[in-house]
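When the chains are written out, they are named A, B, C and D in that same order, and each has its own residue count from 1.
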Amino acid sequence: MGTVDVVKVPGAISPFRARATVVSRRMQDIGLQVFHNKTAMAGLIILLFFTFLAVAAPLIAPYSPLTAVPDVGPLTLPGGVHPFGTNQFGYDIYSQVIWGTQISLLVGVLAAGVASVIGTAVGLISGFVGGWIDEVIMRFNDVVLSIPWLVLMIVVAARLNYLDLAGIILVIGLTGWSVTARVVRSQVLSLKERMFVERGRMIGSSNAHILLRHIFPNAFPLIFANTILTVAISILSESVLAFLNLSVKSNVSWGRIIAEAYQHDALTIGMAAWIIVPGLCIVFLVFGFYLFGYALDEILNPRLRRR
Amino acid sequence: MPTLLEVRDLTIEFRTKAGIVHAVEGASFNVERGEAMGLAGESGCGKTTTALALMRLLPYNGRIVRGSISFEGRDLVPVPEDSMRAIRWKEMSIVFQGAMNSLNPVQRVGRQIAEPIMLHEEAEPEASFKRAGDLLELVGISRNRLNDYPHEFSGGMRQRVMIAMALACNPKLVIADEPVTALDVMIQAQILDLLERLRRELHLAMILISHDLSVLADTCEQVTIMYAGKTMESGKTMDLFTDPKHPYTQGLVGAFPDIRGPRNMPEAIPGDVPSLISPPSGCVFHPRCKFAFDRCTKAEPALTELSVGRRAACFLYPQVTEVPPRPIAITEV
Amino acid sequence: MPGDPSLSIIPRDPKFRGLRDYMISFFGLDRPQWEQFVIYLQRLFTLDWGVSYQDHRPVADILFHDLGWTLLLVGTSTIITILIGIAVGAYSAVRRGKAFDFVSTGIGIFLYGMPIFWLGLVLQSAFRKNSVFQTWIPGWPALPTSGYYDDRLIPWNWDIVHLADAGLHLLLPALTLSLGTLAGISLVMRNSLIDVMTEDFVTTARAKGLSPRQVLRRHILPNGLPPMVSLIALDIAFILGGAYQVEVIFRYQGIGFRTIEAIGSLDYPLLQFIIVIGGVAVVLANLLSDFLLLWLDPRIKIS
Amino acid sequence: MRKGLLRELAGGKPLWVRAVDGVDLDIRRGEVFCLVGESGCGKTSTGKAILKLVEATDGDILLEMPEGEARAYEDVRQRPDDPEARKTLDGLRRKYSVTWKESLPWTVEQALKSAGAFLAAVFLAIVAPSLLLAAVVEPFGDPWSTIGLCVSIGLILGLIGSLPPTRLSRRTRVILTLLALGSIIVAPISALSLHRALVGDVSRFDVGAALATPWTQELAAMLVGFAFGAIAAGGSSSLLLDWRSRSEGMAGIHMRSIRRRLQLIFQDPYESLNPKQSVYEIVSEPLAVNRISTNPGETSALVREALTDVGLRPPEEFLFRFPHELSGGQRQRVSIAAALVLQPDFIVADEPVSMLDVSIRTEILQVMMELRTRRGITYLFITHDLSLAWVLADRIAVMYLGKIVEMGTTEQVIGHPMHPYTKALISVVPSPDPRHKVERIILKGERPDPSDIPPGCRFHPRCPFAFERCGWTAEEVADQLRSLKAGGMLATASGVDLSDAGNVRLSMGGGGPDALVRELNALVSERRETLLPLKGIAAVHATNGFVELSLHASSEPPLLEIEPGNSVACHLVSPPATVSESLTA
């Protein structure tokens, strides 16, 4: 029980003000907890680093990722101004890796956003409405869950044929929502049984009101933490698709760099960095998201907060 | 022959994120052979922690800071974990509050009852299961149910199974932590009746922990009242309930409506239970005490014998002195 | 990628016109759709799954051959994963908050975030012949990095040489897949056990005088396993996805390798049954886990 | 305020649990009415039914009924077959009942609207799938469609495979069905392929062509459409019916205003407050939801008043706290304030203090009683704690297994209990004063399963005073005789069974029928005071080779007024109307 600052209260309190006070106090509280949580801070620092790389790519990267470097030819070994060498077309790999951050991050965040929005909506409706609607949705969801995700993704990617950035985001988002839906639904089911929902009914609230005011705010921490984890999974998915040559062709992503390196036997021709560096980037970015997501889950989800 | 259990100045701390919780401070009480001692107090007063500490079962973030627990003259506090294991259940056993959660849901009850017998008496499985069956019948359950799982029993039956399990190794002391809370009043009566019968027949000593004073009034010979981790008063049940000395005890006794007394609204103790992380200075009860005076806020009253077998910690009684200064505990931030 | 499959086999040259017509009638693409469907159903159940566009071998033959190798890979790595995952998870749950827990959880999350194909590439480069390590560290082993036994032109033989060779070839792919899926299992095992450890019956078990090891084995593990079982079954789709990547990297010609090839060449007869097999695998895994749960948890009853 | 209710509640699907069965109680304005009983006796269900949180199967909840009309209601309820009485009853219900639903005939407009919606649904259901099928022209010519088909087969398999394990039984059933269906398909196809393999001529026996000829797309679309149509039509009609009953369910009294006037105080202050809302939001929410006050100034004033009334002073200090920043007592006060802000005149308090520490408990009770005198609130106080009822209640009703067994003023029920259950219950309530020791009547066993209620008086299996007419069943008597036999008694009988007619039948042992009858009679007269089921035996008579027992007729004791204001449901207190004793030897 923390000490509470006595809030100066005017005579009339508008609902908006009441809500804003609540939200700001909660955000402060969470911010403080994140700040004091070593895991969350470690994750956050990694994420900030990569976000910086992505945003500042035009400033940092010495070359453009998709134009040949003038001074040297293709497949130059690492050294000098090309710390990781150049690829089969003579593009600078170091610049490619920096530019690749943009795509990986963008695809990861947006695809996770798509997956979370769909999954949350489906999970909320399914869990809250219940009955046969829930039954139908969950059966469908189970089906999506039980199909090997990679195959599904490949089929969808192949079916869509034309995969630009939006396409790849949609593919990953559309195949990734079912886990979120399941998690949200089970949370909603348990929230629905809580007494404060019954209180909501008791005072005569409509279903929409209960869903928005009681269920969603309580499920939100979980949804948020889950979204962070979904970002990590989406980044991995993009890299796999790119590696299988199914991802965006017009942009550079880490997965595509690895795929090109693999096709040109980078390891045998002494260009290990071509493969290792983008891979490590993926690993660290995903690691960052996982760390942050796990720590957030612990902070936001009081079930795990045991002494 | 020494007293069966003698607890002196038991002090327990928990380390949490929010700070150090002084769960129990200077708890002292005795339990004689074959005697039922009641431990009463509101939630968070350290009853359950005391019970766990008696069996040295504190969670990993809790520790006994000082004090002694002498069981048949032997101090259990310094006993190493390995030797402690041999004492547990054999010398004293415990019945927890929620019988549903205290029984392993995926193991048959027969096996759970027989487990300590096999462990401590190195008995053969058949002999152990036979004894488990006898124990079940002792608590009024047919031995045919040895092979049932806990979820197949009702709440009252589960509590009976727990009691049967507690008796498995013929312990000298049974600690019952809120054994009837959350049970219906009729089942409550059945269980209390059973405990009393067993105590008489097996000459058991028993520590009965409850927040419900009226339960203790019916069943115990001695009662100790705890508040915010400290012992407030102890004495014979009859004396303590009819003539409570400590203001907290007075408030507590007055707070329970009596179905056999006049129809008076019980009296309230104003205020809330204090935080155990930063307890009030002086007497912990002074912020809620209507008799509190200056001295109460500064010094802590010691638990002093007022008459034979009757002890209280309150400056209202002139013979009560201050707690002697203790070595300052190093508190970590 | 979609399109007229006959075009993907035969060049779009007028002089192949006759061949194309022949192919169309050979694969039955000229019949009415409903008829095609009925024939399809009939063939599905009689295991007459048609002929691959690419290999011109019966699909069933190809797939059953591939399936064997994939099962070997997935089976081996799943067993390794479960055994190690449960052990690591259990140990870090017991030592919660201590160094081992911290390190194993950290490594776990790290591995969890590693793309399996990349892990495969790194391991491949570390253990191939003349790898960097081999030149630096004497005695660093070189392991086979592709195929499932040496020289696939010689037919498989059930002798010790072939078996040992296949085992050696299996080592790296199985290791990759295990590492890629290990973290998920050990992390969940840890959390599941920590949940169980806060239950009252664990305190009861300790109060009975059981040693920590006995408490873990008799009370905590039996209660922590059921959630694990259903989780592994749910994860089987993920493991299959990993297996596909591993097979591609190590040119281990199982179902996954075949899938990628089939996509490249639009080999529909092959593709459709690959998908069916994937679905069946997931279903079987779930069914198996249900029966396992029934045995592990007496609270679940067939009513 | 006066209400009578008579109802049964629906429970789980497979069997109906009568959680509450025929409860009649009336509560007068300004009183504290206590409903006591063990857990699962139906007291909470009763409270929730009054607030319409659960729907009562049958019965009325009547609000603010004047004394005279209440008497008329009671009167006409006794004569359900009289059409005139029915009419009066319906009139009274329409006027006062909260649960009243009109059963009016359909108007032309409604019928037309419904029929239109129905037709539209059917039309859509037929057209939509047809369009869908048309959209995927050449469904199986396109290999991607074949893949799609395979995916859908995979989907079905996945669907079966991924049902949660608790539904294993259902899945097994589905699998069996699919296997059966599969074998229907597989068997002819494999026979045909065998034929083809033997004859080697595909064209002469072309299965595909044979099956495909009548199987046109239009036909398929129509078939699918009809299936969809049936489902859609059923769904839409049930929705329509639902809409209709909801739009007219509250003849007379609008539910919103009932919500406003009847409120609930929850048991658990830790669980019943939304942890993400501040105190201000929790307390002001009822006002906003019911559109009672939309003006921020007025809302704040009402919230402050409610908080002050429950003793959270000054209210400013609490407005923006979260529930986890409050102590247990403060939370319960907030909970009461949230009920109070609507200015209700009737509050159902469901165990409002059972989760609180004793020292805080009294304060909450004092707040509640203070509100009663100041705001004239009537309470239905639901509790398992008889000693609490003793100090609080004006009148008390004791429930057992969904029925009221005793009802009266507190002095009558607790001071002078008449029902054996009430007596036992009161005797085991512990007292904080060790001087007040009484003889405890400890009942055997636990409360029976509400889905399997004993016949006759539902308390008889546990009643220490049960006698002949309390409802002994053949099974109970047979069980008792079996245990006697196992104890070495009844040597002259060789077995105890139930006859086809449901009577207890003893097969003869060595001594012949007379010896058995004699032994039985002796046993009954000797042990009937200790082994109560033996009291159920009315007569013993020998038939061919067996000895059959006939049992006393029994009836369920009605709740009868024994003295003014005190009703008891027990045969011992109010002997049943003479039952025709036809069952004799």
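By our rule, a residue touches a chain if its C-beta (ideal position, glycine included) is under 8 Å from a C-beta of that chain, and two chains touch if they have at least 3 such contacts.
It should be emphasised that the depicted structure is a prediction, and the values quoted were computed from it without experimental measurement.
K.L.:
Using C-alpha centroids, which chain lies at the maximum separation from chain D?
P.N.:
Max centre-to-centre separation from chain D belongs to C.
K.L.:
Hey, which chain is the most central one here, using CA centres?
P.N.:
So the chain sitting closest to the middle is D.
K.L.:
Compute the distance, rounded to whole Å, between the mean C-alpha positions of chain A and chain B.
P.N.:
50
K.L.:
Could you please state the distance in Å, as a whole number, between where the Cα atoms of chain A are centred and where those of chain C are centred?
P.N.:
The answer is 25 Å.
K.L.:
Indicate the whole-number Å distance between the mean C-alpha point of chain C and the mean C-alpha point of chain D.
P.N.:
Centre separation, chain C to chain D: 49 Å.
K.L.:
Please work out the Cα centroid separation of chain B and chain D, and write it as a whole number of Å.
P.N.:
39
K.L.:
Which chain D residues reach two or more other chains?
P.N.:
Residues 144, 147, 151, 154-155, 158, 161-162, 327.
K.L.:
So which bits of chain A are touching at least two other chains?
P.N.:
As it turns out, chain A has residues touching two or more other chains at 1, 145-147, 155, 159.
K.L.:
Residue numbers in chain C touching 2 or more other chains?
P.N.:
Residues 2, 275, 278-279, 282-283, 286 of chain C each touch two or more of the other chains.
K.L.:
Where on chain C does chain A make contact in their complex?
P.N.:
1-2, 109-110, 112-118, 121-122, 124-125, 128, 132, 198, 234, 237-238, 240-241, 244-245, 248-249, 259-260, 263, 274-275, 278-279, 281-283, 286
K.L.:
Which chain A residues qualify as touching chain D in the complex?
P.N.:
Those in contact with chain D are residues 1-2, 4, 6-7, 9, 11-15, 18-19, 21-22, 25-26, 139-140, 142-143, 145-147, 155, 159, 194-196, 198-206, 209, 213-214, 217-218.
K.L.:
In their shared complex, at which residues does chain A touch chain C?
P.N.:
Where chain A meets chain C, its residues are 145-151, 154-155, 158-159, 161, 232, 236, 239-240, 243-244, 255, 258, 262, 267, 272, 275-276, 279, 282-283, 285-287, 289-291, 294, 306.
K.L.:
Mind listing the chain C positions that touch chain B in their complex?
P.N.:
The contact residues of chain C facing chain B are 97, 199-201, 203-211, 214, 218-219, 222-223, 226, 296-299.
K.L.:
Applying the document's contact rule, which stretches of chain B touch chain D when the two form their complex?
P.N.:
Interface residues on chain B, with respect to chain D: 42-43, 154, 156-157, 184-190, 193, 211-215, 217-218, 237-238, 241-242, 251-253, 255-261, 263-270, 272-273, 288.
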